């Protein structure tokens, strides 16, 4: 938690929130509030946790309320990355009642989804705290939300893998098959990549690992190996490359994997299957 | 499954897929394939189920491959809404190898997420098949994907609640508090709504239910009531309004709720907490 | 006029205004002002009515001026939905002269068009004030402006029909022909629609009306019927469904239609053929 | 009609049509057709004129149908700019029934609106056919549709004024007031404008006209002058500048204005107040 | 320099800057600053000239900093169009350190590119200051930046040619070939153009010039003529049309061309080949 | 040239081209062709080199023609990255004359700009061919065109530096100042970066170089060092990190720099100051 968090670009936040508000308000806006709440009514609302977890996405919640009415006051009671208890207040919002009611669901949808990811990541990270290994996400993210979800992984204490197909080279079996060998694929990759792009190779066997090491891969993804084999891989590697274990790792198995000495453990479930954190908004409207 | 599915607008599919591809390809595109796969290599790929489930989102997967190369052939082996077994082939793709590899993750991310929702919905729907009740989604969706997720709920045999704040009136406690009473809130809503907009009221007690019925609500959301109270609500209503049960309903409790005679049972978990369906793509590249 | 107006989503206003400004300013901006007005000149302007009418769209006019210069002061002298006399002041604007001149036409184009719709709607609404019927718009709107035009209809005292193909079911002759009968089409629609979506059926004859009532339609559109037939339809219906009269209704014929007892009278002309309200901007520039 | 028409940029057509379709299909698409029309039903439709007029916008109607399904066949029976009689077939469409029904309203909304403008323009143009004067539009257009509406004016035989604030200089009273005199304003404009930008000046009196001529304006807008004064203006000008008459000109008065010898007569009503042309689509669906 | 500059539409500035920031910040933002600079560190920065030149684009630099953090203070020390010496301060920025560092490159990229164009234009303009001729740009601009580049040309004392294919008619050899003759092409153009659109014709020979003059072209582009021939062209024209010399004109040859008496000299190099002006940002960060 | 080129994402090409076409066609399209060229005229055009160089951007030129008319045939005579002689044919285009004329300038603007960058890069690359060093670009790119310009650098045989602030860590003096020391800054960066993100440090002195090496930087940017100092830096480094020389390197000095043994030499001029390659389009229109 003491590590600094990444900084989401402000335009990225604004665009995500605007798209979500447009999706929820549709063509006619919040018809219920228009019909029943006077235009000048004010409200005070509190977002509270219905279960313990780790928070992520406060800036998106704030933006949702402020996009509806720039005069809305949003005071966060915690910070992204903070662990919170059941019942804890997360933020306090005050302002125009219609604006708060109109933004409520969008704000909660962002906050619950991203906090759900942070909470799950934290659980994984806690399970391997006694090792040097770090849990990392994958590209298995909900379409359109990758940058936000990867930020949430960081809030939960996880590390980030590639953000896309373009920021690192990850050679898989198909690339190796076409290139002829792992060595040849890595050679091509080195010729292609600039000096600030890393090259990782996915291997299924220790022999492939040795070939990748010899060819000078920066990182090696050990796919679906059992702890015993992973331990052997760590020994073979001897610090010459970063090692990432991957494949069906769960909260039950992650400690054993981490104890093998690998550097990173990746899990798609962090982003594609995290349960939303149960957060609620209690509001008090004064007409 | 015999009910017709909604038709996703083609532009909505195209925009969602383009946004996801842009997110994954970034500024430099798929650097791994560019480095290791010849430009004219071809490939044949099969998307297969690693676990049983219900499929949703085939059109998005197809669009992902075709956006990368319009000449890609995508042949679905099943249809949206179909139940599939573990190991079943879902679709067969053939075309330019680089294009298929570049679209793979986006196609799978859509298909796994939406099929995950359909699969979870199907499980809920199956649990209440012996009743007249239907399971329905909420507005608790992943920001930016609402229309797709609501479509996936339909693929799983569920029904759709409001798509946004604008297509129906749903009066909650705050609206009632400001209006003074449920009756007054409903009266205001009726004056406001056109003839094609329905009015639903959320009630916590049977007394509120009676007031809402008297005021002429079209539908009533029974919030957090136990089966006993729900049964009473059904009796009181006597068919004068549609009844929706809501609040913390799980796969374990849904049958008991449905057996009370309510018409709809809503669950946010269908969309905000569905686990991705495990789908994989096996590809054979020929240089 | 005492009924609350809908609330246009702020992003919808911003996008409409930005698109219009971009369209008018093009690539080089307001070349006339750049050439002849000093950068620091200020101006005071008044928007005034050149004819009586009902105002709609003040928020769009304000946004046009403020988009050009956030420091512009816009003070509305009336509110949307207000009737105004010839010569009445509508709003007073003060600020940077170039910014006001650059936004003038866009502000007036929105305000004149939407006020034109509100004014025409008011005329129809006034003509049937002695009945319970309400005039309602259709989907025959100017492409790209539907939400704004439907809002203007509300400002004129009218009611809103569907906002799109997606927020209610309206079964027409073709749907009935393919389904085999109105009853079968309604049955399919009921199976398809969620609990918050209404179903309306268009009928040409009283026999079709009877069939639709029996099948349980929520609303029935009586197409091109004369007052005598409409009166009969009202009697047959006996309150079992909402009745909407439609087809070639004019300011001359609307009272007779309303007096038959129908609930709604729809007219495409409200939005597709309303004359712009004549509004002008008088400006005083101080260099 | 023998003059060539402008060519609307294809992307401009595509964007206008996509925005309109998105507006009409919303998040859930055409629910009525999804519920009642089988996915593989086909249809044949004819767009016909319910009143005589001049057609404009066929490319937009075609694009609407083809955006929904690229396989739709659209065969225009007339061309933009053609006069058509009541009952005349305008276009014949065949293809997937759901796609045609989903695009119908958008296609008709474009075609009716633009043909309404073309028809009104044609009426003005016909009234002054015996003179050399041409009727021209203004910047008083429906926001977001300017390029399309100006194209429609051309289809009706009219001429186009400025497309925006950026493509010509039009000096009005305020610019003159700040600059000190019409002569000074024109001098500034000449210093500012490049060699391909024209300069027009608005004048209220014949003295202002003389000043503008002396300062070398390319064109002069004679605001709210009666035929007698206009005739005098023509004589004073003696061909040294293009003359445009403007201000409250109607179908009744336009001939007298044209006969004074002015070159252009501008009317905002062409675009801001044209009645939609009554066009209908008759469709035959085969399940 | 005393001539007023055009006013870039604020939305055009905002969009260009947002696109550039999105391009630079990508999905993960400024990772270096996030890792090493505390969130609350502040900074003071000065943009200074590393070489003499003419400044253009200050509003874009300011927008870049303010988009990252609205609280950033940007104080320009010079104005667009000003000549500056080597070492001169251009602007002083103070605010959040991370925000300033994140916007630095985008701000400098705009400012260096546009100032480069202004500086080159100024050099051409200075070379012909003793004549009445003005240097003007072309449509040979960097895609996506045309309006900004044409503004920069103005900052350098140049004039603007067409902004696009739509704001003036420029008849070239192919148009003449198809039309049959320059006279016929001009006749068609006059029939087509409204009263505020100018018509220019490109000619290669003095005979073509005579034909174009006779047909009444507003302006004539003399393509690739030597000074002697240009002088003759000026004499033949006798003020009946604006004359533009074009084709391979350099800083070495421009004076001789201007001295022939032509009105405008166009050069694509102003925009497509201007070297960036060397500007630097010196920053002082206080943690 | 034998190294594979990156693959530009198709959507990135489409968006860049559409933006450029919209910019050039404006609201009224190509008025000259509309006025003078019949709608059904066809044309054959050849893009040819007016000077020798290296080609980049053929896909953008092709897209420009095809966006205007999908039926246009575009046949490239060379490939991106190819060196071409003066007079060489680059591509042959045939199709609708108006479409080709409307796309001509956009196609040439892309092709000339990107080929200019490729040509300049090639010149730098050729100058250091006898060494192991490679020339690389920077983030000093024309706003909005970064991905395209970096692709052009590759076509010229150069290497790519960071694509944005988000895909690698580059620690500069300010980051070091705030962190306290290069070692501390690198330590923070290592804690922050995932396993696929590289860390580069900018150093001004050999002492800083030693500190950076000790702290384990992946790459080191040697700023403004003379060849003698660079040679020493290479010796000190002894292969422990990638070395990049930067700062005011020109075609005259690059060989001496490369011969010091550094791995990469970066130059902002490649992208911010490349002269456009002189390409022309000769067209033959048949009415």
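Going in written order, the chains are labelled A, B, C, D, E and F, and every chain counts its residues from 1.
Throughout what follows, contacts are C-beta pairs under 8 Å (C-beta built on N, C-alpha and C of every residue); 3 or more make two chains touch, one makes a residue touch a chain.
Fair warning: this is a prediction, and the values are worked out from it, not measured in the lab.
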Neighbouring chains shared between subunit B and subunit F, ordered by label: A, C, D, E
Farthest chain (mean CA position) relative to subunit C: F
Residue-number overlap at the subunit C/subunit E interface, same or different (half cut): different
Separation of mean Cα positions, subunit C and subunit B [Å, integer]: 32
Averaged-CA centre spacing for the pair subunit C and subunit A, given as whole angstrom: 44
Of all residues in subunit E, the ones touching two or more other chains: 4, 6, 23, 25-31, 33-35, 38, 102, 146-147, 160, 163-164, 166-168, 170, 188, 191-192, 197
Touch-based graph of the chains, sorted into line, ring, star, complete or other: complete
Complex contacts: residues of subunit C adjacent to subunit A: 4-12, 146-147, 150, 160, 163-164
Complex contacts: residues of subunit F adjacent to subunit E: 16-17, 19-20, 23-38, 41, 43, 97, 101-102, 105-106, 108-110, 112-113, 116, 139-147, 163-172, 174-175, 177-179, 185, 188-189, 191-193, 197, 268-269, 272-273, 275-276, 283-285, 287
For the subunit A and subunit D complex, residues of the former touching the latter: 23, 26-27
Residue numbers on subunit F that touch subunit A, as the complex places them: 3-4, 6, 136, 159-163, 166-168, 170, 188, 191-192, 194-198, 200, 218-219, 242, 244, 263-264
Residues of subunit B defined as touching subunit F within the complex: 18, 21-22, 25-31, 33-35, 38-39, 67-69, 98, 102
